[in-house]
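For reference, chains read A, B, C and D in written order, and residue numbers begin at 1 within each chain.
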Amino acid sequence: MIRVGIVGGTGYTGVELLRLLATHDGVEVVAVTSRNAAGRRVDAEFPNLRGVCDLEFVAPDAAGLERCDAVFFATPNGTAMHQVPALLDAGVRVVDVSADFRLRDAALWARWYGQEHACPERLAEAVYGLPEVNRAALRGARLVGNPGCYPTAIQLGFLPLVEAGAVDTGRLVASAVSGASGAGRKERVDLILAEQADNTRAYAAGGHRHLPEIRQGLEAAAGGPVDLAFVPHLVPQVRGIHATLFAELTRDIDVQAAFEARYRDEPFVDVMPPGSHPQTRSVRGANICRIAVHRPDPQGRRVVVLAVIDNLVKGAAGQAVQNLNVLCGMEETRGLNAVALLP
Amino acid sequence: MIRVGIVGGTGYTGVELLRLLATHDGVEVVAVTSRNAAGRRVDAEFPNLRGVCDLEFVAPDAAGLERCDAVFFATPNGTAMHQVPALLDAGVRVVDVSADFRLRDAALWARWYGQEHACPERLAEAVYGLPEVNRAALRGARLVGNPGCYPTAIQLGFLPLVEAGAVDTGRLVASAVSGASGAGRKERVDLILAEQADNTRAYAAGGHRHLPEIRQGLEAAAGGPVDLAFVPHLVPQVRGIHATLFAELTRDIDVQAAFEARYRDEPFVDVMPPGSHPQTRSVRGANICRIAVHRPDPQGRRVVVLAVIDNLVKGAAGQAVQNLNVLCGMEETRGLNAVALLP
Amino acid sequence: MIRVGIVGGTGYTGVELLRLLATHDGVEVVAVTSRNAAGRRVDAEFPNLRGVCDLEFVAPDAAGLERCDAVFFATPNGTAMHQVPALLDAGVRVVDVSADFRLRDAALWARWYGQEHACPERLAEAVYGLPEVNRAALRGARLVGNPGCYPTAIQLGFLPLVEAGAVDTGRLVASAVSGASGAGRKERVDLILAEQADNTRAYAAGGHRHLPEIRQGLEAAAGGPVDLAFVPHLVPQVRGIHATLFAELTRDIDVQAAFEARYRDEPFVDVMPPGSHPQTRSVRGANICRIAVHRPDPQGRRVVVLAVIDNLVKGAAGQAVQNLNVLCGMEETRGLNAVALLP
Amino acid sequence: MIRVGIVGGTGYTGVELLRLLATHDGVEVVAVTSRNAAGRRVDAEFPNLRGVCDLEFVAPDAAGLERCDAVFFATPNGTAMHQVPALLDAGVRVVDVSADFRLRDAALWARWYGQEHACPERLAEAVYGLPEVNRAALRGARLVGNPGCYPTAIQLGFLPLVEAGAVDTGRLVASAVSGASGAGRKERVDLILAEQADNTRAYAAGGHRHLPEIRQGLEAAAGGPVDLAFVPHLVPQVRGIHATLFAELTRDIDVQAAFEARYRDEPFVDVMPPGSHPQTRSVRGANICRIAVHRPDPQGRRVVVLAVIDNLVKGAAGQAVQNLNVLCGMEETRGLNAVALLP
């Protein structure tokens, strides 16, 4: 039984980790930290956990995290990097679901996140936790930078084309929408239901923090520079990311076959039949990315990829559990077999 | 391994049964019937089941239902009653999730459902599938009338008061709201999102079919006549029933203690702490009823009960699985331990 | 042209007043105040007003409110009572859309609002702004306490029965739901879309501040004490209140005729045909209350009233404009003829 | 007073025309037709019109449309083309809100709409009703093909760039989302709230009927061929289109200034300040298109345009009224000054 701790348990990644781990028979959650909620029962904050989770939130210092086998960071960006080195030194494995260990370039990180990185020397050790790309490196790794939600959907959608060298990597376009849980559990007026229901809006059209992360992954796959336009949007739903990806083929390939081949053995990527339009609800609560590929003009150079994930599962907590499974040598799918909630 | 069939698999009860049974290790679904969708893959209709369910819909006659150990009816009202007798005679256990076997009085059924009952002689054998009331009778039963969604929430909410003889049973009031999945997966203009989003409306304020079912249950508990006003409403959400119940105490009791005592050993009823307001999302996808009790004026006679369920789980498919477990002597909670999806 | 000021312009009542008054040809808005947003353009906060409203928010002290003909208070409870006396003394008419001048009893107000009333001597002068009850008193009044949203729907729904002395006023029950805009434009985690979408919950089941206000109005109509159980709920929609009211007839009357007679000449109350179920979307954005009456058992004593309003219009800003029209001797319907937005 | 008829009054364009025309003081609606609802009161179908519209639906043949000054077609595609010639011959002006008169090329129309065009000889006379492009031609026109919803937002978003010859017209990308009212008021299972709430999905990714319409407009503006990738999506809201447009500049221009100059005198196009993200709710119920322009890399060639409209107003009924105003020599903004409903 792996003993895990969760740092920052009052956000959506935290409660989703608790939900998933409640039915994971190889893991025991021994501590959930929160500065503000310390002393409060976890199920008072999250009533879905009544009868399932008997823990109280504890202050980070009192949590005994260094005695865990593994720790998830479900904290705001810029927190994990201060605490991770000591835990690693204590022999604890870390899966950071925040952005602190996703970028390899500390200067790039500092530019996008508005602060210096606290432990740039650890970035080289961190493995980017997209198992579909880095599974081998993840086995036995000690520190994982768990991918962002948009980066998961967009990279999985572009990878088969980019790895095949079949598209113009200077002309990629990604338009993606997210449910409001992607913005976190925050006291923000612009997120209240009366502002955001019956409403769609783009945000960060001038540049979103997930852009360098996506570019880093696609450039590794391409073996060269990638130029990507990326616009995220908020839509009035709770969960779900829908990424609509546009590329131009540089040679004629069977795109459907390329996707099917690329993901044939992947337990958490589902390439749908030709002509499909994946729905975000088809992955609600499940650790899976569903993808469909279209060529509007079969003779043309345009290819359109549609990719959906649940931002809190394959885009955050589920992928973190998947990474933990790989890290610790458990079956990769363990605890992750729940079926999406539809309707 | 119990081999089960599902009759009428293209509705929400059908897909929910498939979702729940996919992770139930004591049950194998061997047939899913549908007249209209026969020959079509189940996961083409319900993409959340891709990778989980390999079945095709079959025509009811070709399904070999008589060779199943148990059959769920997830059909419109008035269908099961024509097929159930033959299955019972073939030794198949039946859990009817439609309304055909809920009322004991065939004449009452005919009046509310607008047709004669096809097998009134079987009604006496049918056990009303509310395990919190009828657990003993359910063990070994052959035919279960699975309760309606509103009746489940409203009966569980009133029962501790009525059984204790502590309220005026001539003055019960139930105002309840339901998510739109409760209206079924139907081609109805009034159910489309553009009509029903950002909208609340009552319906059947003059009399809803669930009223005689609720009354039958409460009268059995009261040992006498019950007068109940019941108004259901549709609210713009997918899942969830919230029942708000009003009663007048006839003697002063500790209502919180009464509820806690009544449901202490029930795995699927959660009496929340005093002052609580249960949220429908706290039971989304989970087989549980959460209840809170209030006395607005501690010296007054008024008592208010708030009860929430997921209409598709504890209000339909989940309760049906719970009943199957009891019927077949399996652990009652088997396959039903998923945590509610929050957010 | 009536020159009006709006105090507290950054909330939903404020923006709704600006929307309604933008097409009211008898009123000019000359000042909108906000402590926090002073100096900011109004249409930067509310983009629907781009091209329509050229004002900036000003600090309250700099607004010159004493030179307005009339001032709306769209402030949190407990603010208007400090500023209203000086404005009245300056000859300004005041419509307070907050709760400060709704209750006639200062002690009762203090108990429910958790603070002493700052100008109890003005309460006697304040006219409760439900024109369907107090139209005569409103003509020429100087200070109006604009009704709360629930109280508007619930009083309009009960009044014909209570005024006729036809129901047991000791046994009234009101279960009502509200869209999230009723909770205001606030930085509250429990109001964000990811918490409140696909979710229904009751709140304040132990006692809501609108209860004494409703009781005051109904007791005036009844000429005696009224006992009312009232439970409010939040449902996942932006606008709309749906009140479901239960009463017991003490004598047999034609309830449909009673409602039609009571509201025959009311421009903003619509009694629907027998058997109707009013929908909140049918009043979205419009200053109207639609009502339907049901007797589930035509021989029984139960009567059910369904009443819907837009909480921001007939439940707040629209009714405030209606009151201003009456106060200032304008046509009561002026500026209020927009049709509800459906779908 | 212009006397108008509405053909096909039971859909969303029909009810929206009725809503808008109810407060248009230059127009009187004298007939609303419906085959299925003939004899039924219009306000029984659309309760928001109670007290505002006293008409009954009439059968098309009995409507006396030839005696109207103007007729709106709010019919499914393929209906208007059969009835328009006779009305034109009778001297009636026609605004067709369906797709029958949008494309100039009958063969192209037949290919995308799956049937032969019934009056190809009238296509040359039809004016494409985008006043921002064709105002002069609309003055005094007899037949208007009212633009589609996506085409309105996408053309208005691309036009300043394309007209300026500043972008690569072979590389345009449009990703757009629509509220569910854009799919019409139809008995379709896939549109019911339980299927479409909390859900985003693309559709027609292989080619949507609005593509040739958009291309026709942009090619006229470009004076040459245009290649556009266009993917529409359904999001869980009632109203609103959000178009996210990607282009590559072929020369360095001040895009903000170009947009402001292009639309300076347009009453119904709002170019927002640099850095803005228009929200669909900011145009809810209003006849306006709000646009923002971004260059993610100020030195790069990428330009991103965000454009929002209410699909039922500027994308359908509102633009139809705007066209009628122009056609009949009324003030273009008459009856269209309502402020968007926010929240």
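FYI, a contact is a pair of C-beta atoms (placed from the backbone, for glycine too) under 8 Å apart; a residue touches a chain by one contact, two chains touch by 3 or more.
Computed from a prediction, not measured in an experiment: that's the story for all the values here.
The interface with the greater count of contacting C-beta pairs, when A-B is set against A-C, is A-B. Put simply, the chain farthest from chain A by mean CA position is C. Each chain gets one centre point, the mean of its Cα atoms, and the points for chain A and chain D are 38 Å apart.
Between the CA-based centres of chain A and chain B the separation comes to 36 Å, rounded to the whole angstrom. Each chain gets one centre point, the mean of its Cα atoms, and the points for chain A and chain C are 45 Å apart. Within chain A, contacts with two or more other chains are made by residues 12, 179, 181, 185, 194-195, 197-198, 236-239, 278-279, 281, 284, 343.
Partner chain B is touched in their complex by these residues of chain A: 12, 15, 19, 22-23, 46-52, 181, 185, 197-198, 238-239, 270, 272, 278-279, 281-286, 288, 290, 312, 337-343.
Residue ranges of chain C in contact with chain B, taken from their complex: 171, 173, 175, 177, 179, 194-195, 197-203, 205-207, 229, 231, 233, 235-240, 242, 244, 246, 248, 275, 277-281, 284, 292, 294-296, 302, 304, 306, 308, 343. Listed in rising order, the residues of chain B touching chain D in the complex are 12, 179-181, 183, 185-189, 191-198, 236-238.
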